[in-house]
Amino acid sequence: MISFESDYICGAHPKVLARLCETNLEALPGYGSDRYCEAAKEKIRQACGCPDAQVEFLVGGTQTNEIVITTLLRDWEGVVAAKTGHISVHEAGAVEYNGHKVLEVPETQGKIPAEVLRDYLEGFYADDNHEHMVFPGMVYISHPTEYGTLYTKAELTALSEVCRAYDIPLFLDGARLGYGLASLQTDLDLRDIAALTDVFYIGGTKVGALCGEAVVYPGAKRPAHFLTSIKKRGALLAKGRLLGVQFDALFTDGLYLEISRYAIRAAEELKEIIRESGLPFFLESPTNQQFVILTNEQLKKLSQEVAVSFWEAYDADHTVVRLATSWSTTGEDLASLRGILARL
Amino acid sequence: MISFESDYICGAHPKVLARLCETNLEALPGYGSDRYCEAAKEKIRQACGCPDAQVEFLVGGTQTNEIVITTLLRDWEGVVAAKTGHISVHEAGAVEYNGHKVLEVPETQGKIPAEVLRDYLEGFYADDNHEHMVFPGMVYISHPTEYGTLYTKAELTALSEVCRAYDIPLFLDGARLGYGLASLQTDLDLRDIAALTDVFYIGGTKVGALCGEAVVYPGAKRPAHFLTSIKKRGALLAKGRLLGVQFDALFTDGLYLEISRYAIRAAEELKEIIRESGLPFFLESPTNQQFVILTNEQLKKLSQEVAVSFWEAYDADHTVVRLATSWSTTGEDLASLRGILARL
Amino acid sequence: MISFESDYICGAHPKVLARLCETNLEALPGYGSDRYCEAAKEKIRQACGCPDAQVEFLVGGTQTNEIVITTLLRDWEGVVAAKTGHISVHEAGAVEYNGHKVLEVPETQGKIPAEVLRDYLEGFYADDNHEHMVFPGMVYISHPTEYGTLYTKAELTALSEVCRAYDIPLFLDGARLGYGLASLQTDLDLRDIAALTDVFYIGGTKVGALCGEAVVYPGAKRPAHFLTSIKKRGALLAKGRLLGVQFDALFTDGLYLEISRYAIRAAEELKEIIRESGLPFFLESPTNQQFVILTNEQLKKLSQEVAVSFWEAYDADHTVVRLATSWSTTGEDLASLRGILARL
Amino acid sequence: MISFESDYICGAHPKVLARLCETNLEALPGYGSDRYCEAAKEKIRQACGCPDAQVEFLVGGTQTNEIVITTLLRDWEGVVAAKTGHISVHEAGAVEYNGHKVLEVPETQGKIPAEVLRDYLEGFYADDNHEHMVFPGMVYISHPTEYGTLYTKAELTALSEVCRAYDIPLFLDGARLGYGLASLQTDLDLRDIAALTDVFYIGGTKVGALCGEAVVYPGAKRPAHFLTSIKKRGALLAKGRLLGVQFDALFTDGLYLEISRYAIRAAEELKEIIRESGLPFFLESPTNQQFVILTNEQLKKLSQEVAVSFWEAYDADHTVVRLATSWSTTGEDLASLRGILARL
């Protein structure tokens, strides 16, 4: 049995785990006030080209989305997201649980086009009754998106301009940001993202850590008393070092990008294998997630040898499945998959 | 200046106001425990053919929607509503503020077709990841809808059957229920509605009262300690008599239906006037709200003599406006409007 | 049967009701945008000596407390209140339902002494762990308090100074403010209150209206997009006129104070009657509520002829009850009570 | 510099870390559905003597308190806790953020006496106005308490009986449960705790894990769709294995108790050292936390060589500090401390 189920099927990248072991017996203060957290924050600031950025560590993705969104939104505001956005569909209503509406807009391959956003905002303020409605107070995008697609620099710049014109923070969910940065088809680097957004996060869980997301506020739109707000939401880790040490490792000697590039190379080979097999792509993404359409019978057969993710029903007889690569994908995994798909 | 702006432009129907005046000096206990509340509840139970129904009074529509929904939903659930539903669009995110997502489904003229609901529920449970998503825990409809349209008995029966098959409460927002019951094109009466839904309300604010909505739970799906839940949401009226006396008046000698029928007759005349004027209907509804498309220039001109409601932009040059009738619409109002529209 | 149960046992003061009747058929826009709301706001600004104050109308007391508090508090903050404060004990957890903690401090006859507040705030910031705790972000007092007692000008000034030293808004719950202003033992007028607090409200429900509270923000600490925040909490009244017309009446020709003075005169007579009867006072308040200790047997007997409010158990054999006066208390009521208490 | 600052100053116990390393490269499904989570749950059920218990893993203590409490409480309920309880004071208002009030009762050395609880509940239901107040819907205790003290079997049994008489769940916060179980002065074991409570948790973070708390529902009071409720609160870990593997290690070969006993032995030596030094105990607890009163000058001096926790101001000149032991406390640490305290 091999697994392409997700990019979080294994523990931590060996170099990350090694750092946890090396530092395990050091006595450190709690709640993120240790020197590894500090060092990791500084390395991230450097990598982003933002010496003054505020950097904070949280444990997981839904938690990060919920906290970033609901500490910046004001009482009368909601967050604009793609209809297919993770916060709209796959987070069990976490934003709403925190008291704010997700305002859905149409998307194109998981992305919000700048003109769609502009129309939405113009329409909102043009409506005579808008004081009776939820104000758009933030824009949420993910990069890569739910479908593994990427914004181009031009697209992100255009979105950013609309947000700035309306003075609305732009928040980029980077749970898989590494794979976006390492994609062969991107023209965006970490500094661009820091320059074009108001807050974003650098995903650890899905890029080599046991857990952990690093939130970056490059500019002036920042939360006050963030530790208290995190604690209030049950999200403050006593052993904050667990996050600090891991991100310190990920941002030492370019490990974060090294992990991401490895997974992208594996994904390119995966795409080649799928193409060879003749199975139709639902979406041939430029990142580490690939979406394939299988007959339900093929899926049943495949599942006996390969763990994949159910994505969505395609029609009564077909299912979309996702295959993902990561640092833990081996050459043997890919070779086995080639054989299995060929036989399918 | 005449007004067709809404069905709540005046105070209370004279008979309702008279009862408030007559009972004004009676010393009564607070918080809805007075005899007028009790009498009104009993009259409503009779009118619904539900001698065991639980009846509760609240002040306004958004409040009622929010409280009914969030006291019946369980932690992991959200409420299914039409994409155009009042709770989705026009209540400033009140359901979400109370911690629950509104799950939008496609609609037809403001209504949720039973097959759309069935597909949604089937799709939800067919999704392998549905434990990561908000469970559909209630279905919200309004009758009349946002567009003044009505469910037929067959349509409501079909919806009710889907809800019962999934053991999900069906909630009918009846902020304008009277106009639905009095419509010339309905085959649904109050007893049908009580039989086919799990909770609904009989709107007072828009049907002759100063304020007030009467919530009816005809069956077993009822909230416990409702007074406490209402108070917790800031919605418990000290002088509960204000609601009790008004609903007692509305349900004495058929006043509620009398008011509604009067407004429907006025609406039929209003439709005739619009037809005569040649202005295009956006929607020719069977109830007391009519939606007309005006050029922006016509709107500007009209607004100098008639108060109407902005509904939505139709296109760059046209606007949809709403005209509503009520107990306070006079023959003179209609005659003036006929003249004004003719000149437009 | 006579009633001293509360100050909201009757409908509206006849002059208030008369204005509702006179204006009933005027067509007015909804949601508080009518001219009566505007006029009432202006009269209140005048009465407070604050031509620039923001004035807003809400329906009831718990609602007002909850909305004022949770729209001004920031994410990491709670509200400081007396242990016996209405929001601490008698509002079913409405502040907490809106996501914020009530931080209880010791009280003296329902009042927070300035030094108690200062100690609390000093202690909070002196605690090394205070980032793990709820920040004090507002101070809530009521005037009159739960026990009908009043702050002196010196006491309120001292409290105000502590709040300003810490830049924390001071919020005064004036559900019964009229009785405080009309008390024979106060040195505070409406202008003082406006000068010494950041937000307060002028209670209508308990001072002659059917419902309604007027919130006043005399200074810079104001909510943005308040209408949206109100609606989001289900508290926006469609027929806002109901509040506007009543407050317009209450602030015309000094009616608000006239009502309050009448009730205070009745309360002075009530105190005299209680003294004559020899029943022990639990608290002889300077306002319209009086608290008497009865044996449980006396209470049983009294309750057959007079409606009073259960306040709290005094001991196994005694109960504290409250008797309240209002505009609707008549000379006959007082004469009857004198006889009944004499016989008790 | 040595540290007695807390019981979470180091990473994971070496045996726990070893298991993380050994299992690191196994491909496992996410969200707690892996075989290590399953194995750990089964071992915990065995240890509790509850083959049918529901066991769930969460990341941290505040999160666990918040989730356990707010998924069992109903809309109209709050949670009863000691005035000094962790949820009352040190969790930044997390319970309130989730919409429920913490109902404080007096405590004795951090414990709630059964008779205090009984009086509180009796008083609540005796109050005629209790429908206007928050219903007590759960009782929260911690064992060890905030002060390191322990309930005796008789005390816990008495509390449990009161809770069962009122049908209110009893929840035991066991963030440091191991130290309670291993104390030389306890007569309670894990099976007793499972028998006497409705839900409790076995703390990992403070007893040898990097993070993690294991919630146990021994009886019928259980949450439905808990995964969804956890996710909704941002608390679902993608790599659930991180918790499963650690608890599997902690409950293999009695490691959890071994760790706890080691810390208790160290704590007994620590008490001896403090006694020798002549420093006054604030509280000489039977578990791994000791509370000592220092002059502020002593504290300043001590802090140059030993990390301790600020607990609370004792008076203007004295401070209470906490010293804690854990698996990572070494003989050298204790020897150094002996010397330092002797010199103090």
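Should a chain be cited, it is by its letter among A, B, C and D, assigned in written order, with residues numbered from 1 in that chain.
Here, a residue touches a chain if its C-beta (ideal position, glycine included) is under 8 Å from a C-beta of that chain, and two chains touch if they have at least 3 such contacts.
The structure displayed is predicted, hence computed values, not measured ones.
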{"item": "Chain pair with the higher count of C-beta pairs in contact (A-D, A-B)", "value": "A-D"}
{"item": "Farthest chain (mean CA position) relative to chain A", "value": "C"}
{"item": "Rounded Å distance, chain A centre to chain D centre (Cα mean)", "value": "33"}
{"item": "Centre-to-centre distance between chain C and chain A (centres being mean Cα positions), rounded to whole Å", "value": "50"}
{"item": "Chain A and chain B, separation of their C-alpha mean positions in angstrom", "value": "42"}
{"item": "Shared interface positions of chain B, touching two or more other chains", "value": "76, 91-93, 97, 99, 132-134, 228-229, 231-232, 236"}
{"item": "Residues of chain C that touch chain B when the two form their complex", "value": "2-3, 5-6, 8-12, 14, 17, 20-21, 23-30, 59-67, 91-94, 97, 205-206, 210-211, 228-229, 231-239, 241-242, 307, 328"}
{"item": "Of chain A, residues touching chain C in the complex", "value": "31, 70-71, 74-76, 99, 131-135, 223-225, 227-229, 231-232, 236"}
{"item": "Chain D-touching residues of chain C, taken from the complex the two chains share", "value": "76, 78, 89-93, 95-102, 104, 123, 126-129, 132-134, 310, 312-313"}
